[in-house]
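In what comes next, subunit A is part of two complexes: it sits with subunit B in the first one and with subunit C in the second one.
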Partner chain A sequence: MFTYLASTFDPGLLWEYRETLLQGLQQNLIIFFQSAVLAVLLAFVVGNARASRSRPVRWMAICYSEFFRNTPEYVLLVWIYFVVPLIISKMIGSRAGFSPHVAAVLGLGVAYSGFLSETVRAGLRSVPLGHAEAATALGLSPFATFRRIVLPQAIRRMLPEATNQMISLFKSTTIVSLISVHDILYQVSVISSSEMRPIPLYTGVALLYCLIIILATYLLNRLTDRWRRRGWA
Partner chain B sequence: MSAIIETRDLRKSFGAVEVLRGISLSVAQGTVVSLIGASGSGKSTFLRCLNYLEQPTSGAIIIDGDVLEATPASNARQDRKTITRIRTKLGMVFQQFNLWPHMTVLQNVTEALTQVKRTPAKEAAEIARHFLQKVNLIAKQDAYPSRLSGGQQQRVAIARALAMQPKVMLFDEATSSLDPELTGEVLQVMRDLAQDGMTMLVVTHEMGFARDASDRVLFLHEGRIEEDGTAAQVFGAPNSERCQRFIASSLK
Partner chain C sequence: MLDNFNRLVLANIGMLLDGLGVTLYICFCAFALSIVLGMLACMVRMWVPQLRFVAIAYIEFCRATPILVQLLWVNYVWPDLFGFPETAMQAGILALALQSSGYLAETFRAGFEGLPKGQREAALAVGLSRWRIVTRIEAPQALLVVAPLMINQLAVVVKSSTLVSVISNPDLMYQALKIVNQWYEPIEVLTVVALTYFIVLFSLSSIANHFYVRFQTKYGLAAGT
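For the complex of A and B:
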């Protein structure tokens, strides 16, 4: 029993395949960063649109965030990888498609921009209107007011929630193996089918992910703590 | 004396509600004008129209020679340059202070100098310190606003407006959200400013200030100027009965 348990987590196997596994992890990290950037950019566009004065713009933004918030990431990923190329091919009349990598970034980016746009909207709304008015009254342009007064405060309010979403985005990067991106989980499945010892590998990946997220959360919390010590945020 | 602020038949509606019903006013340089009246009489809206925080529905504003005509079709975008110029000539102090919590006291004061007037950082800091000295808060220059009392915050807000070296200061109920024991320090700064010859438009419920510190008092009622005269006239012998009643009830 004991020896069996010990053999379930045998770091030797992880060490043996460290290079392949790290290459896989590198894919996850790249996809994470690219889709995070895409998600944040889209979230700001949509989050701002939700605060727009124009009703149609507001409605479009609501539809966008509701659709992507409530559709499973995996379905989105498959949809973008398999269905969108078909539609585009029909439209332009010749074969078109994405690489799995591009589809992964698009799928995750769009999926998380739905969640994040809510966070962005709430963050922007949390900044008292008077702060922007004071800037406007002093002659700051609308853009300068947004960039210098509203945004820095909004970002600080968004950060705790955005951190949570970034954590789940990072976890979600493991589903990209399902559209054959050569990420860490893809490598694990390849290795385990040749080694016939899946348990240490999957356990190792689980622990690795856990470790990375704990570390990143710790660093981010230290940053927000510093802000709190300065008496605001 | 030349008028530094002039409005001609200024009107403002929010939807179907007309809040300002034609205000024509001319204020000479160096005058301290107090605007009094019941809430909803349009005094705050009037101030906010002067620097286009609210866009007037119609009428004209002339500030230090800059003319802005509001027509129903006029687009604030077209007049943006004039609006910005006017805003730098009008310093505004709000009821809620509206200091920016993510910046230190000094940064709050230098922000508009560097962003709007493109003053070099060092020079901006010097100007800012000069005005912080004036409101007696130089010791707090590196503190964040949340560490200051309400009265101190409002004095920083006054320094922030003064640093732009405006021609006119607008006070929108600057002491209304302060505890009674803190209003004194803010009113004192305002009195000092008046002494220095600053042109001031003061929307206030502080009848003491209106009576003692202003050259001219306007009583607004339902978007119109109902009484206009020196403090002695308006407080001593107002023509309008409504003004009489208002003053009697607020001096109680």
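For the complex of A and C:
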């Protein structure tokens, strides 16, 4: 039994292909960071729009966040990869296309901006209105009020939820292999089919992800806890 | 546009509906299985101190591994290691259940731990046995609290179920991609499929939200997480 297990889970194979696998993981990290930045930017725009005074703007923001929260990431990714270039080429009248990398960043960024915009909205709403009014009474400009008074308090309340979203965004970056971005899972499937032995690599990748995510969750929680307690602004 | 819609979507509506049926079947089975597994993991974690470590490891592994990795792992590795699952369908159901059972276990635990301590003490004081306390006092309240969260989890299962097409389960996404590869005209089919998923998921999350608000206002219950 034990020798059987040892032969099926062979760490040597993992070590042998470490460079390819690490390159794949690097690709995952790049996509993660790019789409995280995109998601946060969009989330702030949409989250602010949901608190807007004008009703149409509010409605558009609600539709945006509901649509992207309730569409599976894989469907969204495929849709952006296949359909959006076609629509764009019809509009500008010449052929246009995305590289898989761009489609992946756009898809994941847009999908998670839906989730994050809810977080942003909740964070902004949790700041008492009186604080903004007091700042206005002291003569701060609307922008300064937002940047100096509302935002620092809101961010502290958003952090725990936002870290959760970031963790699931990192988990979702695995699906970019399906539109043939050369990420870690793509490399694993290529190596597996050339080696004809799926076991060590798939098990290894599952354990690797498990390790990375548990570590990241732990570190991020510790980090944000310190920030919140210290009153980071 | 409309012409294409008729040719691509309406002509293949049977295929797409079959796919939707497979998607719903897989989601239903996976969700039912994940409730059982999640409850088991939750009970072991709370009430069997000797095995607590195993339960925590199981829950953390299920929660920390991306669903696609789990799906491929179960599909390619488990048949050699354990001799099952035998079909891609079983592998899909098993992987979805595995993933979601980890989350559900934590949800159940939050439900049980969120109950006021007085409930248990009062039950002990009137002389109920430990088993009775769980089945008659704690579980009904805890399940009511977590019901909206469970519906949300079902929505997550439906969302992740798009990925079972990767191991060639004939679900909605699989059928759609098949039509796309046949005609090379993705706009109509993919848009219709995206909207279908949106409608299913949006109704699920609306139901969950409705119950969440209602339980809160009517019974004063609020979920811990």
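Operating definition for what follows: the second predicted complex is superposed on the first by the 226 of 233 C-alpha atoms of A that agree within 3 Å, B and C clash if a C-alpha of one lies under 4 Å from a C-alpha of the other, contacts with A are read in each partner's own complex, and residues count from 1 in each chain.
Here, contacts are C-beta pairs under 8 Å (C-beta built on N, C-alpha and C of every residue); 3 or more make two chains touch, one makes a residue touch a chain.
As the structure is a computational prediction, the values presented were derived from the model and not from experiment.
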Which superposed partner A:Asn70 touches (first subunit B, second subunit C, both, neither): second
Winner by number of subunit A residues touched, once subunit B and subunit C are compared: C
Which superposed partner A:Arg228 touches (first subunit B, second subunit C, both, neither): neither
Subunit B versus subunit C as contact partner of A:Arg18, first or second or both or neither: neither
Subunit B versus subunit C as contact partner of A:Glu133, first or second or both or neither: first
Contacts of A:Gln153 with subunit B and subunit C, given as first, second, both or neither: first
First, second, both or neither for A:Leu185, with subunit B first and subunit C second: second
Touch list for subunit A against partner subunit B, complex: 128, 130-131, 133-141, 144, 148-149, 152-153, 156, 230-233
Touching residues on subunit B, where the partner in the complex is subunit A: 51, 53, 84, 87-88, 90-92, 94, 96, 98-102, 111-112, 115-116, 144-147, 157, 160-161, 164
List of subunit C residues in touch with subunit A within their complex: 60-61, 64-70, 72-73, 76-77, 80-81, 155, 158-160, 162-163, 166, 173, 177, 180, 186-187, 190-191, 193-194, 197-198, 201-202, 205
Footprint of subunit C on subunit A - complex, ascending: 5, 8, 66-67, 69-76, 78-79, 82-83, 86-87, 171-172, 174-175, 177-178, 185, 189, 192, 198-199, 202-203, 205-206, 209-210, 213-214, 217
